[in-house]
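The structures considered in this document are given below.
In the two assemblies presented below, chain A is common to both, partnered first by chain B and then by chain C.
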Partner chain A sequence: MKIPGAGLAKGLTVTMRTMTKRSVTQQYPEVKPELPPRSRGVIALLEENCTVCMLCARECPDWCIYIDSHKETIPAPPGGRERQRNVLDRFDIDFSLCMYCGICIEVCPFDALFWSPEFEYSELDIRDLTHGKDRLGEWMATVPAPPAHDGHGVRPKEVDAALKALDKPARERPARKPAPGPESEDAG
Partner chain B sequence: MTTERMVAIGAGGDLVGPDDRLATADMVLNIGPQHPSTHGVLRLQIVLDGERIVRAEPIVGYMHRGAEKLFEVRDYRQIIVLANRHDWLSAFANELGVVLAVERMLGMEVPVRAVWVRTLLAEMNRVLNHLMFLGSYPIELGAITPIFYAFRERETLQAAMEEVSGGRMHYMFNRVGGLKEELPAGWTGRARRAVDDVRRRLPDLENLLMDNEIFRARTRGVGVVTSEMVHGYGISGPIARASGVDFDLRRDEPYLAYGDLSVPVVRRTDGDCLARFECLLEQAYVSLDLADACLDRLAALPPGPINTRLPKVLKVPEGSTYAWTENPLGINGYYLVSRGEKTPWRLKLRSASYNNIQVLTELLPGALVADMVAILGSLFFVVGDIDK
Partner chain C sequence: MTDVLEVALRVALVLGVFLVLPLLVGQTEHKAMAHMQSRLGPMYAGGFHGWAQLVADGVKFAQKEDIVPTAADRVVFKLAPAVALIPYLIALVAIPLGPGVVAQDLDVGVFFVLAVMAVGVLGPLMGGWASANKFSLLGALRTAAQLMAYELPFILAAASVAMAAGTLSLVGIVEAWEPWWLIWQLPAAVVFFVAGLAELQRPPFDMPVADSEIIFGAFTEYTGLRFALFLLAEYAGIVVLCALTTVLFLGGWHGPYDDVLGWLWTLLKTMVLAFVVIWLRVSYPRLREDQLQRLAWQGLVPIALLQLALTGVVVVART
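So, the complex of A and B:
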């Protein structure tokens, strides 16, 4: 015959055992959480890399990226002709609309956008959640290096291409050195 | 000399029946509407005769976001963003249906490593989903403690999911043709440790609750779903299996790598709230074992890619297909009709919770108000999954 209340006692035993163990609660504001590098906290912008191609704004599923730009003429160097380039005036992301899917970062062909695990940017007014290029640029400092890939995977094509270029003798290489930028890990 | 008089006050007080007894009127009671994103609430309009429910009608639609219409103006990568949100507790499984449908239409071969990682993550997602309900259902019955144990386990698994995908709930890790990116180095070891930890600690949750006299009294024999109801209403998932229906897509129509795994189908025959809860708990154990099996296979696989290179503009050829998956809460299906555009012409979503809660109209009449909470909670639904 079952003793009445045995089930309750069994539950209390679990409680008693747990009482002797350390608590798993994290003391958040005092102790910051350790977030993995892929954590999708906020989108950071590396303004120098942006060419105003508008791919991010177009591919965004809820169109929360606002970009304005103007054209600027670079005076002709001796023996050359003058060129035009796009200058970014405004790059705003409305984080009240953003769904944190990361498509903008994935489509950016020039590696101007990055995920940062930074998450402490709550505001009291929804309108203050639209952040401009200066604020997005500040977050660049918090972008971690991408994690190394699993040994069972294949090397990305981009890495292969870069290694092949390095193997070539120096004189065969084009004179202009490509700008050193962060390695693209997930392009394509 | 003295005459006995009946005194009645309050609403209906003047309703004294012909036999001098108090005539009662049925009361219409609205349960909800609450804020639609609150866990486990749904608007129910019930008609009460005293404490007993006479009629019940679930009123849905407070969280309708028009997902199916939004799908039609999104390309196949953007659809994944939306598709993983209707049932926010099984985001990975929701993404899976979309990419499976698109891949089938394209006749695309998915790299074998991607298939096994997908299976692994789908099973981890299933455990996450079940843990949520294993924690929240006791709260609905008045037991507050279990949710802390459930969330400790959820946190362990979520850490693994976040490390690989960057998201804690909306993973956005599936892509047509594979997964978004390669696993981080050493992740498989950490995932295995997370799975082991959860398996080791899950008995805590079980011991807290499963023999508890109060819990058993509240759930045993309450809200019995018969197998006729299951077939009549199209109920699926753990709720159907708790009523003895032997149906699990992972075994009966294997997708991903389930064909190479032996999937034990957890079943109960009682069909009551307790059986449903037991099903969920045992399924969590089964999923942990399946996750381990996937990790074993992943370690044995030869090196290979995890995704496929896609064209810049992905167009799905004209035609239609129906892809269904065994989501944690039941069958989740996508009927994809394409006219060769880069957006679907129609993407119909069949979500598990919508069908599962229909049975409330039949299940609640005859039950007491106190049991209503037990029954409602044991149907394990997500409001977003009902309203889409």
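So, the complex of A and C:
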């Protein structure tokens, strides 16, 4: 049998029970949120690793990465020849356009781009949301260490190959010159 | 000279209660409602858990421009907030706080308080009519319909307890009160409280101000201090209703050590009831207009009449 007013009582108990629990509100400016380790806050640039291959700028779905560069000739070392390398002049990411898809970071072949969990970079002027390479470089300090390798995951192929090589009897290994130790260096 | 002083003191006390308790209820509503919805509510004003939020609100309201619509009936429009607020101040005069602690012990206390409270409902009616706004008018008409429907069970329930006590004086009723009345007069107490909530247009009976469909009912065109006065009237109304329910049905100052702590018992019961008002607001959705009317005419009025009959039978049987 249904007791009349049971529904009303149920409503009251729900609100009362909620009142006795801790509220879920976070006092944001005073208490910083605990973000998960791989949060997508802002993109950091490690300038030394960038080769101006332009992959990131080309893959960017909303074209918010702007790259300028010039070629520089490195004078020939003795007995060698001159080499050319790309020098980065400008690397801007317009965070007012960026949709935080992370494709630029995925495609970068030289590990020059990283996710940083920092998110407090709002601006009063939309033009200030375009971060230059210096500002992008400053974010590098906030990039967390890469997560540890999953112990239960598949081992990298390189490790497998090395272990396999170790298992072979020594004589079957291709003859190799022993690596020069510290003593041999002194002797030389 | 001492008479004048005494009157001044009594008036000052009533005014003090009138100004402090509604703010206290308002702040409780802010915080209790927030926690019932798993929020924190105001946290900054005043430093400690936003205790000064309503003071800050008052300052904000005072700064706002006082606008009267061009087509409005200016005099009535400006008068309406006062008509809504002052009756509750006057009603407090007759409500006893403790044994001997009452601003004015009236022989017809129940009648006086109910009559004055009914005047308070005229405020939204006047404001709605004078605003020259369709939403305001709709709100006012809903207020009128609600007033018509709920005034009857409200008064019948109060009449039941007056009959039981054999007096219309609020002090007399508290003195005659005995704990077993809690059971005997329970239906009347529930009817009185619910009908009172409906007269105050508190959720879930807030159809006249239903902000999601008619903006803010009769208060749509009000700004600044006049709007604040309407809000204050709502909270003053909660205080008066809860105090009245306490005095009529919960035994007023009766409790342990009531010769010394009587006033505390009255205040405590009033605040607990005020919390229930807030609790109901958070828990239930708004009643539709037809549900409102059905609850009044098919629910509360018959219960109140049955209670009246029961009270009459018991009173006659005991004498």
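Everything below uses one rule, namely that the second predicted complex is superposed on the first by the 143 of 188 C-alpha atoms of A that agree within 3 Å, B and C clash if a C-alpha of one lies under 4 Å from a C-alpha of the other, contacts with A are read in each partner's own complex, and residues count from 1 in each chain.
The definition used in the following text is that contacts are C-beta pairs under 8 Å (C-beta built on N, C-alpha and C of every residue); 3 or more make two chains touch, one makes a residue touch a chain.
For clarity, every value in this text was computed on a predicted model and none was experimentally measured.
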- Touching A:27, do we find chain B (first), chain C (second), both, or neither? second
- A:19 contacts which: chain B (first), chain C (second), both, neither? second
- Query: After lining up the shared chain so the two structures overlap, which partner does A:8 touch, if you call chain B first and chain C second: first, second, both or neither?
  - Reply: both
- Task: Could you look at A:154 and tell me whether it touches chain B, chain C, both or neither (first, second, both, neither)?
- Result: first
- Task: Answer with first, second, both or neither: which of chain B and chain C does A:38 touch in the superposed model?
- Result: first
- Between chain B (first) and chain C (second), which, if any, makes contact with A:61: first, second, both or neither? first
- Of the two partners chain B and chain C, more of chain A gets touched by chain B
- Query: Taking the superposition as given, does A:102 touch the first partner, chain B, the second, chain C, both, or neither?
  - Reply: first
- Item | Common interface positions of chain A, toward chain B and toward chain C | 8, 11, 14-15, 18, 24
- Message: Residue numbers of chain C touching chain A in their complex, please.
- Response: 32, 34-40, 43, 279-280, 282-284
- Which positions of chain B touch chain A when the two form their complex? 74, 77-78, 80-82, 85, 113, 145, 149, 152, 155, 159, 162-167, 170, 172, 180-188, 204, 207-216, 298, 301-306, 309-310
- Using the touch rule from the top, collect the residues of chain A that touch chain B in their complex. 4-8, 10-11, 13-15, 17-18, 24, 35-40, 59, 61, 99-103, 106, 115, 147-154, 185-186, 188
- Task: Note which residues of chain A are touching chain C in the complex, please.
- Result: 8, 11-12, 14-16, 18-19, 21, 23-25, 27
